[in-house]
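Shared chain: subunit A. Partners: subunit B in the first complex, subunit C in the second.
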Partner chain A sequence: MPSKKLTLFQAALLAAALAVVLFPVFWIVMTAIKPPTDWNASPAIWMPSQPTLVNFKTLFDPDALKEYGVGGVSQSATKAVFGSLLASITATALSVLIGLFAAIGISRYGAENKSTPLVILSGRMFPPAAIAVPFVIIFSNIGLTDSYVGLIAIYVAATLPFSTWMLKSFVDDLPREIEEAAMIDGTSRMRAHLTVTIPLIRGGLFATTMFIFILNWSEFMFALVLSYSNVSTIPVQLAKYVTATAGTLYGVQAALAVLAMAPLVVVGYLIQGHLARGMTFGAIKQ
Partner chain B sequence: MNSSAMASPPGPPLSADAPDLSPAAPHGGGKPPRAKGGNIGLALTLPGQIVSVLVLIIPLLVALYMSFTDWSPTRGSLFDAEFVGFENYSELLIWDTRFLYAVLRTLCISAVCLALEFTFGLSLAVLFMRSFRGKSLLFSAFLTPMMILPVVVGYIFWMLFQSSGPVNQILEFVLGPDVALEWFRSAPLAVTAVIITEVWHWTPLFFLILLSGLNSVPENPVRAAVILGANPRQVFWRVIMPTLKPVIIVAFVIRAMEIIKLFDEVFMLTRGGPGSATETISLYIYKLAFNDFQLAYGAAAAFLVLLGALGLIHLLLMPVRNQLLEVKR
Partner chain C sequence: MDETKRKIGKACRKFDEGKMTRRSFLTKLAALGVTAAVANAVSLSPFGAATAWASISGPEERAWALAKEAAAKASKKTLTLLIPTGSIGNMTPYVDKWKNELGIQLEFIEEPDEVVHTKGMQEAVAKTGRYDVMMPTAMSYPDWIDSGVIYDLTDWTDKYQPDLFNKQWGVVFPASHHAQLYNGRVAGLLNDGDQITLLCRSDYLDDPDKKKAFADKYGYELAVPHTWKEYYNLAQFMHDPAKGFYGSLEYRSPYYVKWMFMQRLVSKGKLYFDADMNPTFNSEEGVAALEDMLAMNAYLHPDAFSFTWSSNYNAFGRGEGFMNIVWPSGFKYSMAPSTGPATTGKIAATVMPADTLKDGSKLYAGLFCWGYGYAVSRYSANPELAYAYSQWMTSPTISADAIPYLGGYSDPYRINHMLEPTERLVQTYTKPYLKTLYDNMVNTVPDFCLPGGFEYQDALDKQVHACMTGEKKPKEALEAAAHSFERITKRIGKDKVRKSWLALAKNLAEPIKKASGADKWPDA
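Here is the complex of A and B:
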């Protein structure tokens, strides 16, 4: 289509839309650097009077707020941060590894086993609440409740459809002849995949890994239901702060929210061209 | 950000054996060579199948069995529970008005959200077909909401909608000094807050998908229409939109699948309140199972939702299935 310049009216529309999109982000970041006196002011204060990092410090050192004469959080967020890192990174690595093999299997030998895609995809059909119920029962019987092993297992199963389908779309884009050429030179099929297919889709592999990390890092319901005292993740901790402190610790909660979203925004910009591909299981390429 | 747009219908069983229609696929969706690779293919997919069976299929079968019993954690082992047949299901379908309302509410919220997200997403995508300075920077900025985790989005909007929060401040500035809306104390306002949050969060996905669709509309039919004297409006509705139809439906199906599971944002925003004014299906099942410990009943509710979701997605995909197959020929 011929691309024309924006009219003044259209530029104004874009500017308004931009303001709506960015305002909530602006608000949370500003709240995260507000001193306690500004947290709950009425009317609300848009820009902090004295920007401070004390809210972030409080997350890891509950006494940091003492200089303002305010009690800190009852529970530091250290464990939740490590829990989120451990669960997300491990689950992402496993999901992408298993998904990579499955993607090559389906893309290159798909006709042979038709049930595979169905089995792997079935996980996306169910509301998480439906899966969470039996998990609680099974896990409590085999001692996996409140353990990272259990949480990671669920994360892997829940993200496997995404990693498989997204990687499959990258493998599909690769001409089969490339592997066949390698095999003519005498390598086995498996070797051809390892030395030719995988290196050639490394861009897609990176995008998929980042996308799966976003999904795992964002996960809330399973962690909420299956964690008690040993296991914690950032989303669960944030929900706890909001419940327990009934909105009195706005700044600290906002700091945890910023900490939760910062890595995802960075990762998201890195792979923005592939976000649609991931969300639509590879159905929409960019 | 261009190239091909459509492939097979996404999502579960339909795409499982549907042909890959992506023009970018080197073999045009032809059959993979039936080489001796069968065993390798099986071996490669085996870990994925094992994980799925262990962590998804088995728990779901347990849940299915459970939904026919009256089990709750206080009753000991699952095998001690009494088999009650379809009692949970009939109770849900006939007597449980809270369940009925949660379903209707989720459907209404979904419909409004999808309509708004589509409208805003399409408008934005059309604006991005023009050329202007700073376009790529702006493109990234507009994608920001979908990169933020749902719990945090819920928390941010919970803050924005506080009675002394910035939303009310802006409303007072525009409408006069006495507009202090209690967003979480009135049912219609709380539902509005949920919808605004969802729309803010996911309009970028529509924008992204529709923009990539618009970018891949072939130029020749558009030029031909212009030469034949079509005005821009006609070109848009008669030439561009029909080409976009499969992309649009894919976007709707994907979003509908996700919105049926709506939980995180609402949990942070309202916990389903006031009363049960914003209780979505997922939130209702969560409360049944994990607040009231009616696990068997919750499992039955979940399976009803699943059946409904399957039917709905099937209906949504019907109009494109044929079209997709036609395109291929």
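Here is the complex of A and C:
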């Protein structure tokens, strides 16, 4: 790491940039612990007058807000949290797994067909809204609407181009001589990839997994369109915190947003070493 | 509730048999929660009290009989309702009754209100049969009927008589037609009287110093405004930004601002189209309406350009303005001490202000905008049961019971809700406000309840907003909106939209028909 000290100007610039980046996070966290009277106060209340966990409690006990005279919340967020975890983790695992082998295939054996990567990426060139309704028709014909299998399938389809492309760049940057050396030592192609390629690109693998997980975790359109009552996810649940008696429940929305951020922050912190390596891996060229 | 009804029925029969005096009969009904107006009507009925009571409760009983029959033969014992988030409070009190007495489980699928229309259109192509009852706003009916996703309810309403047009307890005209019919056929049953009215702070109106200062400055007495000019004067007079108190909280935000324009346009005697589907808002009246709005901007709450319905209600409830143009839920909101700490007991409401026409006459026009209703899905496994639920929930008796429950959007829409209210309705809305709602509703003009209605509305909204933000001059904005309207009409098919528009215009209030010239238009 560079030991050179920041100039005053650089420090001020950095502080300003951090303030801009962190302000929404600060505001969401503060709103999550504000009582209903402070949510939408004018002038805005920066720090809660009486910090409370009632917004978090309301996520799992819809009646909790009644202590503030606010009713009308009808749904617990438990199902949405469970749904988001199930759909995002499964879809991420599948997307990265399939993307990994697709990336190795394209990088190491796909030289004869240069358009393959572009074809794969073309799946992401449509706006989600454009392909959502055709999926509804297809899924309703095969009984996959309002099911986690259907949601996971579409999440995998939507993120696979990204995982393939990201992982391909990491595999491309790994000298193929290392794998060939393993094969000279007698390992099969598959074993060489499993024991040499994958461990050596694990930084990229973590970075890709994190990126794909964020995409799946925050996806709204497909979950909204393909769900009725069996399937629920956090982004869809966030849009439902509107009541006739109190309007938009900003505090409860913020509490769920904080909860939604938490796994990303925790996992990001735990794998930050790999993440940094993954993000910079492409810079090490042969 | 059933026990109360049984007791009311018994009292009616005793009265008819001469076993009870009129005074004791009225006392008995009052004790059972029947208001004086209803009790009087029942006791004075030439057909006898039992018959009169049966009439007002008839739609409910006919619906319940159908529900029993349909439930008995239903293979699927769940009735699924697609409802907008925030509306469930008016429905949950009846879940147990349907389960215990009919064996029918009510399942509510809540969706954000802005996606309910899309979900319906999606069902038209997906045909999942997941919904039985769907709860859109009146603007969805044309597109939903045309796409075949909901039933035309006319045959059922002919057979089971929900008394939609009854003079005493029907849905108030013209919302009875605008918010329930599509091309003269019943598409849905209204369950929410969404009209906009004007709220003022009564404590400011009653202030002797302000009374004197106002009379000195404007030459007439301080009171709720009857015209847009008076509304402007009041906003100007009460505007005190240094104290965080503003003249009015009228919306200028995207999506809401079109309603503020439409309201003013109609009170100038202009509708959205002429009889041949040519846009008419790009006229001198339209330009004047926008100019009036621009002049008002100086006296609006600074958040007017970003208000949603709830942030607007919050600001008024906190005491940040003198006037507000809101739905009936805004009145409820401002009345409740928890949401309207500064406005509880301090609200004077009035019908939307009139404008002065070229001949010097005043034209009162309200706007019936939004307004949820029940529609029956074509792909429902039990459509008759779904219809029975819709009629039962919107019957004069059950709806009067359902509306005051908190946690739902349902507001008064039947005549008896406003003119013969139950005690609970009075507690929730107050008698003067219920009367105001009635007086305003009889002059309401509908939203774009036409094929492509959401597109028309959106095109107008964008241009009105561009004008309010100074991006476009009034005439320029309205011409751009008119151009978009022409394209939408051409794409959907002029004959199709025209038929629907003429059907809507046929049922406008007479003063509005006359002022706009729609009284001379041909039938659809």
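General observations
Following the convention adopted for this analysis, the second predicted complex is superposed on the first by the 223 of 286 C-alpha atoms of A that agree within 3 Å, B and C clash if a C-alpha of one lies under 4 Å from a C-alpha of the other, contacts with A are read in each partner's own complex, and residues count from 1 in each chain.
Methods note: a residue touches a chain if its C-beta (ideal position, glycine included) is under 8 Å from a C-beta of that chain, and two chains touch if they have at least 3 such contacts.
It should be emphasised that the depicted structure is a prediction, and the values quoted were computed from it without experimental measurement.
Of the two partner chains, subunit B and subunit C are each touched by A:137. When the two structures are aligned on the shared chain, A:248 is found in touch with subunit C, with no touch to subunit B. In the superposition on chain A, A:147 contacts neither subunit B nor subunit C. Of the two partner chains, subunit B is the only one touched by A:17; subunit C is not.
Once the two complexes are overlaid on the shared chain, A:42 sits against subunit B and subunit C alike. Using the contact criterion defined above for the overlaid structures, shared-chain residue A:76 touches neither subunit B nor subunit C, since it reaches no partner.
Of the two partner chains, subunit C is the only one touched by A:68; subunit B is not.
In the superposition on chain A, A:90 makes contact with neither subunit B nor subunit C.
Residue contacts after overlaying the shared chain place A:187 against neither subunit B nor subunit C. Put simply, more of the residues of subunit A are touched by B, taking subunit B and subunit C as the two choices. Once the two complexes are overlaid on chain A, the subunit A residues touched by subunit B in the first and by subunit C in the second are 40-42, 133, 136-137, 225, 239, 242, 247.
Against subunit A, the residues of subunit B that register as touching in their complex are 1-13, 15-17, 20, 22, 24-27, 31-35, 37-38, 40-45, 47-49, 51-60, 62-63, 66, 78, 120, 123-124, 127, 129-132, 138-153, 155-160, 162, 164-166, 169, 200, 204-205, 208-209, 212-214, 217, 219, 222, 240, 247, 250-251, 254, 257, 260-261, 263-264, 267-268, 281-282, 285-286, 289-290, 295, 298-299, 302-303, 305-306, 309-310. Interface of subunit C with subunit A (complex): residues 80, 85-89, 92, 107-113, 115, 122, 125-128, 130, 244, 303, 308-311, 313-315, 318, 320, 329, 333, 336-339, 406-409. Interface residues of subunit A facing subunit C in the complex, by the touch rule stated above, are 40-42, 68-72, 74-75, 133, 136-137, 139-140, 145-146, 224-225, 228-229, 239-248. Residues 1, 3-6, 10-11, 13-14, 17-18, 20-25, 27-28, 31, 40-44, 46, 98-99, 101-102, 104-114, 116-138, 153-154, 156-157, 160, 164, 169, 172-176, 189-190, 214, 217-218, 220-221, 225, 235, 238-239, 242, 247, 250, 253-254, 257, 260-261, 264-265, 267-269, 272-273, 275-276, 279-286 of subunit A are the ones that touch subunit B when the two sit in their complex.
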